[in-house]
Structure formats: C-alpha cells, structure tokens
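One chain, chain A, appears in both complexes that follow, with chain B as partner in the first and chain C in the second.
Up next, the complex of A and B:
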C-alpha cells in the first residue's frame, strides 16, 4: 500500500473487462439463455421466449445421437492430443538436428496448417475415395491391405479417417510450439549429460522430456481446444456422416440450429461443448502460470 | 461481425438514399445463390434496373449452403433483405413461423403473375394454411443421366435407356467394369437433405409415401438402393457423395449412369468428353408409377423487409415468360406449364426434363420438413452401410416421423 493507485489503472482494467463482457460474456449468456427456451424461427428476434426449463437438455441427453457424438468428440480430442504431440515431438526433434535446409523445410511444413479447413476436407475426401483415392492406391501397392478400405463410407472407419486428416492438418502447429520449447533447453545440459556418459535415449528421457513437459502440457491443452472446435474440415470431409460416426459437438450443434431449426437444442449442445472447453482452458491457464513461476 | 457491419451498412445506405433527393431510386436488397454467369438472375437484375428509375436492385450472392443460416441470422438481428430466394422444402418452415410476408393479396391483384399456369408442385410449396408466401422462380427434377458410349461398348442400345427398375439393375450389371473402375450407376445418399431428395422418387415409384415408411413399399424402394450397393453396381462411397460429386464421378467416367438434376447440364457441357444423354427415371415393374423429386428456389419477402412494394415489383419482373426462357441456359426449367422452349440448348435433355417435371412431386410442404427428413437420411445410411436391414431402419424412421405427422399432417 506504499504507492497510491492511479485512476488511469482502472481505465486500463475497464477496457479489457468491457471487451470480454461484450464479446465473450454476452454470447455465452445469450447461448445459455437460449438453451432454457423454446426458440423457433418465429421468435428468434425476440429476447423473451417461452421458458422450458431443462427440456432442451433432457431432449439432448435422451437423444442417442448426442451420446454417440459426445463420445466421438472425446475420442477425437484424445486421438489428436496423443497423435499431434507424439508426431509433433518427433518432427520437432528431427528438425532440431540442424541439417541443411532444416529451417526452410520446417517452415514449409507449416503451410498445411495455413490451409482453410474446407480445402483440407475436400483434399482428404479425394484421397480417401474408395476407388480412385490415393490412400487406397498406396496401401494396395504396398500390399498392406487386400481389398479397398471404405475410409469415409464405413461407419467403423470414418472417425479414424477424420482423425488422421485432422492430425495431419494441425500437427505442424503443435510441432512449431514444441520446436520453440526445444530451443529453450540449455545446450550445456546436453553436454554435461553426454560427459556423464548418457546416450541419445537417456539424454532425451532425462534432459529433453523434463525440460519440455510444461510446453507439452500447454500444447496438449491447445490441441484439445483446437480439436473441440474442429468444424469446417469435418463439414467438407463428411458432414458428420456416415451415420454420425464422424460428427462432433460443434457440428451437431450447428445441424440442430441451422438445419433442423431447433435453436434451443442446438444451444444446449453448445453449452456442453463450452463446459468441456472451459475446463481445459482453466488447466491451460494454470500451466501457463506454472511456466512463468518456473 | 463483418455480416453485421454489412447489414448495418446496408441499412445506413437505405436510410441515406431515403433522405437524399427524391429522384434517387429506392434500394431493393436481393439475396440469391446463383454463381453461374449464365443464370437468368443476373440478366434480370440488369434489365430491371434499366427498365425503371423508381427502384434499384442491390444483389448479394450467398453460397448455396449458407442461404438458410444467413437468412436466420438476418431475421435474428432484425435486418432481413427485402427479397430473397429460398429453397422450396423450407418455405413452410419460415412461413408457418410468420417470417415471410403474406403475398396472397398482392398476387391476386397482380396483372403479371397468373397462378393458373404454374405447376402444382411449386404452388403447393409456396402456400401454408391457404395463404401464399412465395413465388416459384424455377423448378427442377431428377432424371437419369447415362453414358451412351459405354452403352454401345457393352452392347446396349443407347436409344433405349432402361425404363424399369429391373432394366436399370440389368443395365448396371452389364455396364459395370471393375477393371476400369466403372460402376453401373451413381446416386446420392449423402448424410443431408440431398439423400432424401434422391430417394423419394424411388419411394413414390414403389407406391409408398413418407407417412407409411413402415410399409413394404418403402422397404422395396430402399432395398433397390441396398442391392445396387451390395452387388457392387454402385459405389459404397455414394453415402458420402453430394449430388455434384455423383455427377463429377459420372463425368469422369466412374459410373455409366447417374441420378441427377438439370442444374448439372452446364457442367456436363463443359467437362463430359463423351456422348451423354438423359432418360426419365425408371418405374417399378409391377407398379408403373412415374415419379421424381421436385426441387427449385422461390422468391420470398422476409418479414420486416423495408421495401415490400419494390420487392414485389421485382418478383413480377422476374416472373415473365421471356426471363423464364433464359433459365434453361443454366439448366433450370420455368415453373409454368405454359412455357415450352422452341429451340432449346441440349434439346434431348430438355425434352426429358420437361417431361420429367410433370411427374415431379414437392417435398412437404411441412413446417418441420427437416425433422421429417433427418430420420429418413439415417434410415438410408443404416441400410446402405449394412448396419440395419432396410425394413428395420425404416420402421425406426417411421416411429420418429409419425408423431410429427400426427400433430401436423402433410
């Protein structure tokens, strides 16, 4: 309490708070309100609509599609976190070897991540085509599969196909974050470990991994958030089909709102997705704080 | 955000023009989906703006898949366009909720729009509870495209395309050529409204209807598709192909026949390097019922439109025979039965589609059409993937659909 607080500080505080309330708080409150109302095309423009309590939530929970899609979303997120971190880490380590052109190639890899999701979806749909797709062609030439794989037309295969495409799509971003984390590890630690007789594997286990773990946790949170809002790529790749086997929460919410015109139900699904994301976001913020305090 | 800015800008523009000199034309905002340059809307907008000085159309092109979401957003923010095009099966969804301007009296007084000459299908789609909320702009129907070169190569007569279900199956068996990656037939079973649009003709040909999906007729219609896929006459990928992808496959020589609409004609013209033709959809052998699905877009004036008079003038302007004749350049047919082109482009296709349109049936009208459509989409996909037998899948769809129809019949 030594220094008096300048009133200007409150202005600086008020600006971001007002921003957050207007552009994040309001939509969330609006969505949650809608999820407790019966919202039709007819009363969409009004703010006071028939209150239906938890009816929308009951309908959502009773809908077997929702349960399937919730599980899809969890699998999708899990597969993406594991896939992107493991592959991203391998690729980042590979490019950390500083061979000729490493920087250039690493940057080039990021170009996949810069593509619009709709384009990525269309691209993979082409590659996954049962009869003329390159995926089946390569697998057949390598004699890995006997018959063609129905990547997008077999409900048991769809989610795997979408996972692969999405990991390919976002992995370069994870890789860059991990690569940035790698550069912060002091070179002396490796030299010391090498002098102590640690081989490449032990150096990785006892130097790289511990130093990198806050980065990996942060990447895991970011990938979770990115995967929870995967939408455009899935729309163009499968539109959630076949039989909702590749549907995820944001897409289902969109379908209920803008294709079935059941806005209340769509909002309720949105709330579920929001709760999942906010939990992860809290974990992310906490890991960031830890990183700073380290 | 950008949409909102745009809308605010549009309102500001309207406000400004209103307060400016009286001679300034009043703006009629028009949302449409036609990105083909040859579509009649572009010619119509130009001609309308040149023909008079009271109103001026300000068009906005909205992607086909976005028109419903964009309209909903505009309604929610209270800033709808003065005039929009709207897909026929959802007219009732909007009109039953009071979101479209009732045009009944204006149409009755109109000297240009005479509903007596319109086809029954688009007339049915445009009304709800005896009132009329939209005016059809164009119609389309599904027919059967076929590759005449492949017909000849496999010893089939390209002048005698298959006329019945069994002939279609037989032709598909002959035309199929796995070594060359050619399937007999393609259709769309995509997990969206498109699958329902493509399957309904077969349901109707079998004598079925969507309020009786638990009856054997419905099962037979779905079983036809299941057999085509299971015998390898159609690709399993049909369940993940949109209609345009079904046609692309046909154009690329991946299938010898394909169910498709006339809007594909400009694409075929451009890209198909073979002798392609069109046939009316087959009939079921023992039933002989001709049927197809009716599609197309209507003009409607959203509730809250600022310039209703001007918008209706545009509808009238767009509903004249000369303009309707222009529609075929983009593969769209006039919604009126009194219009027949003398010397059309693609004469063979025109003859077939003009014939097919007479047997085409509209979807609904029903305010909850999307809720009726979704269980059918699921049943189609369950049957085609072998998840459930056709009759079981359809019985479950019937259980979801019948309560909705009990409340609001078709």
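Up next, the complex of A and C:
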C-alpha cells in the first residue's frame, strides 16, 4: 500500500485545488475585502485601499431597492425549491412505474436543462410577449385568462413569469436526482408495507418520504445554489425589470459594479449572497457526508 | 395461450396508457424548444400573426440567411468553440488528475480538499466576475480568449472533480499494483491504466463541460468588450436587447446556436443522465 502514497498523487491533488483557490477562492476574498473599502475606478487594481468599515453595508441596507431585491431573491429561491421539488417528485414517481420507454422519455426532459440560460431567457421572453406571444394565446384558448397577461411589463407579474421559466428550465435536473434517490429504496419495504395493508398514499408517506428525505434535502440545497446563479436567464428575460420587480442579488451586485461603477457597494451586496450560499452549501456538504456514512 | 390474455388485460394501464401519457406530457413540456426551432422558419409577418401558427404556413430560410449574412453568426459560433474546446480539455486534464488523486490517497487531506471543492463550486459566477475582472485587468489579459478560458474552467472544474471522484474509485487498485510490479511508475499507471478505463465517464463529463462552456455568458460579457471576440450567448443578448426584437431572427440564431448541444445530448442522453446522478448525490 506504500506504493499508492506516491508524492505524485499529492501534486495531482494540489494542482486543481490550487487552481480553484486562485480563480475562485482568492476573488471571493478580494471581493469581501473590497466591501470594507472605498473603491474607485482609480484604485480598482490595488489590494490596499482606504478602509471605510461598514459604510458600504450601511449604504446597501439603507437602499430600498436592496431590500426589495433581497426579498425577490428569497421568493425566487423559495418558489424554485417548492416548485421544482414538488413537480420533480411527481414526475419522478410517475416515471418510476417502469413502463416501456420510461427511461428514454424521462431523460429527454433533461434537454431543457442542457440549453444555455441566455437562450432560455430569450425563448421565454418571446413566448411571454403580450399581444403575439404563444403563452397568452394558449391560456386564452383554454379560458384560463380573459384578457392578455402582461407577463413582463407588469411589475406584479414579472417575478411569477421568471419563476415559471426557471422552474421549467431546472426542474428536469432536480427530477433526475430525485429519480436516482427513488431507485435506492429497497423494494422489500414496499412489499412489507403492502402486506400490512398500507394503501398507495400511506406507502408514500411512511416508506417513500422518510427514505427519500436526505435526497430531497440535498436537492433543495442544490436548487437554492442553482437559483442563486440564475443570472443569465434573468438578464435576457427581464434584465431585472420592470422597476426591479425581477431583480436578484447577483444581478443587482453586477449592476452596481459594472453599470454604476460603485464596486464597494456591489461587493457588499455580493457578501449577502455569499453568506446565503455558504450556509446552504454547509447543509449540502453535511447531507452528503451522512449519505456516505450510511 | 389462455393465460396470456388476462395477464395482458391486467397490465394494460401500464403497457398502453402510461407510455401515451408520458409521451404527451414530455411533448408538452418540451413545447418551448419546438417553438424556438419552428419560429426561425416563419417570415416577419407570420411571426406577429394572431392567432399564432403552430406549423409555419410558408416555411422559409430568410431568418437563417439573415443571421448568417448580417449577424455574423459564424463568427460567434467560432468564438464559442474557441472558448469551449480548450475549457473542456483543461477541465478534463485537471479534473482527472484531481479525481484520481482523491480516489488513491487515503488521508483526511482528501476530505478537506473535497469540502473546499464543494464550497468553491457554489458561488454565483456573476459575483466572482467582478474580482476576476480586476485581477485580469491587472494582469493585462482582458479581451483575450485566455481570460475567458481560465475563468470558465474554474467554474466547471469543481463540478468535474465532484462527478469524476466516485468514478475513479471504481478503477481496481489490483490492476495498478500489478503494473507497479512490472515497473510502472504512478504516472504511467494513471496514464495507461486508469485513464483508458475511465474513457466513458471522461467522455460524459467532457460533453457536459463542453455544453456548459459553450453556453457561458457572464465571463465573456465581463472580461471582453470587443464584439469580434464575443461568443454566441453575448451575440443573442445583444440581439434580444430591444423590446420589439425580430423574433424569427432571434429564434433562428438561437436554434443554430443550440443545435450542437441538442445533437450531443440526444447522442449521449443515457450516459449523461447516469453521469449526473452518480456525481451530484454521491
């Protein structure tokens, strides 16, 4: 076994980890540092800049737009976790019936997830068009709505439109992960429950759900992380508008940095998003460790 | 023969109803993709028709011609490939090195490295883009493909490591130990034994990484301001910008752009699904 401890292995491990630390770890530290500094175009390239304490954070918290966008982000993440997991679970359970073509058809859904976010945003923007969009036409035909819905121009509708598009985009991925979790539940448990006289609903509640809950928790974490990354799709679908009704933290941070050149404020907004994903990532890593030790 | 009929009757819902329901459901779900693909074949009048036409009345290639002649889609496609192919190569090299090491070293260092990798994977690239922009500006490599390739690789490397690690564990240690007896070094064992066995997983991860790099948007948008260098995603973004876009042309552009992705996916569907489920939850 001494052979397997070749020093080369440590080099092999160190190179990719060092790469990640250099291109992601260091930028994150840099960004958090910037959030405590006064950053101008002039001193942008320096690491040491005037220290301003929590000034950037005070400015951010006092900004009503930030509060609105923070709430948008939380709604967006929550709607995606609930929407993707509930729909994904139903779809996964349906395909778990193992009929002819089930595997192929289920996999086909994943083609939505393979598309670039930017294309998904453009496509849904076209379908959401008020007067000639296919969404309003179909909804009117099915008599679900009376007049045209202003999906992207009504601030009250914008976030719903973005939620639907994003759930459509990522749900197949969540569903595939849930389906993988379903296959690990031993068939005997269902047979035993059926022998005890448990119906389909009770089998689901007492066998499927408890066995699946670690998977569902892991998927919920992944959906949160993915939703916090939804920049591309939102930029092309709404660019955060109308009136910031669909703006989210990463986009607002990007706008402060690259449209208003207030890099310190942008960095402070970024820190809020970092905290959110770090907390979720810690939960995710813990669920993975548990699954491994089981 | 007599026994077959009742059994068939009992199975009927599964054998006929379920596949039908599933086919219809999947068709409805993927309708937006169909809508994208057919919109490009409409002309500028039909695109605004109310009610919309679900099959192009007079299919024509005007929109496709337009995006080739006036929107330089060929250049955008070329730029996307110039970014995606090196990203794929770099990610596979670094990813297989790291995943191999993680599967062979027995020490807590691996657990620690894995947690670092998992944690670094979660940060939204729109937020990492600002500091990366500043660092690359200092290094003087803004407006180069190199900048976008380096940054995009960092985003996908963590993902590749997480998926490849459990797969490399399946390479039997005995095979390598036998080769050590024959005088192979660790590096030769990696190159000649582990990598050939891993070719299918590497193909799958390579395909997924390629697709992600090909659709990358934030880094080219941030790190390059010369239009002639931009990939297709930034091209579409500029094209959609206005409220009243020429949707048949935008959709023609999008269709051509995503065609390689869809073809790759249909060819490797089964393996991609298996690869994703192996990595994300284990």
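Basically, the second predicted complex is superposed on the first by the 271 of 294 C-alpha atoms of A that agree within 3 Å, B and C clash if a C-alpha of one lies under 4 Å from a C-alpha of the other, contacts with A are read in each partner's own complex, and residues count from 1 in each chain.
Criterion: a residue touches a chain if its C-beta (ideal position, glycine included) is under 8 Å from a C-beta of that chain, and two chains touch if they have at least 3 such contacts.
Model, not experiment: these values are computed from the prediction.
Superposition note: with chain A as the common reference, chain B and chain C are in steric clash.
Legend: residue contacts after superposition of the two complexes on their common chain; A:95 is shown touching chain C, with no touch to chain B. In the superposed pair of complexes, A:199 makes contact with neither chain B nor chain C.
Using the contact criterion defined above for the overlaid structures, shared-chain residue A:186 touches neither chain B nor chain C, since it reaches no partner. In the superposed pair of complexes, A:210 makes contact with neither chain B nor chain C.
Once chain A of one complex is fitted onto chain A of the other, the partner contacts of A:131 extend to both chain B and chain C.
Once chain A of one complex is fitted onto chain A of the other, the partner contacts of A:155 are limited to chain B, with no touch recorded for chain C.
When the two complexes are overlaid, the chain among chain B and chain C that reaches more residues of chain A is C. In the superposition on chain A, contact is made by A:240 with chain B only, not with chain C.
Of the two partner chains placed by superposition, A:50 touches none, neither chain B nor chain C.
The single stretch of chain C with clashing C-alpha atoms against chain B, selected from 26-34, 80-88, 188-196 or 224-232, is 224-232. Residue overlap on chain A between its contacts with chain B in one complex and with chain C in the other: 44-45, 125, 129, 131-132, 257-258. The touching residues of chain C, when paired with chain A in their complex, are 14-15, 18-19, 21-23, 26, 29-30, 32-33, 35-36, 39, 47-52, 94-95, 97-98, 100-102, 104-106, 109-110, 113, 115-132, 134-135, 137-138, 150-151, 153-155, 157-158, 161, 173, 176-177, 180, 185-187, 190, 211, 214-218, 222, 233, 236-237, 239-240, 245, 247, 250-251, 254, 257-258, 261-262, 265-266, 269-270, 272-273, 276-277, 280-282. Contact residues on chain A toward chain C in their complex (touch as defined above): 3-6, 8-10, 12-13, 15-17, 19-28, 30-31, 34, 44-45, 94-95, 97, 99-112, 114-119, 121-127, 129, 131-132, 134, 137, 168, 173, 176-177, 179-181, 215, 218, 222, 225, 228-229, 231-232, 235-236, 250-251, 253-254, 257-258, 263, 266-267, 270, 273-274, 277-278, 280-281, 284-285, 288, 291-292. Residues of chain B that touch chain A in their complex: 68-69, 72, 75-78, 93-94, 97-99, 181, 183, 190-193, 235-240, 254, 304, 370-371, 374, 378, 381-382, 385, 387.
Contacts from chain A toward chain B in the complex involve residues 40-42, 44-45, 125, 129-132, 150, 152-155, 238-244, 257-262.
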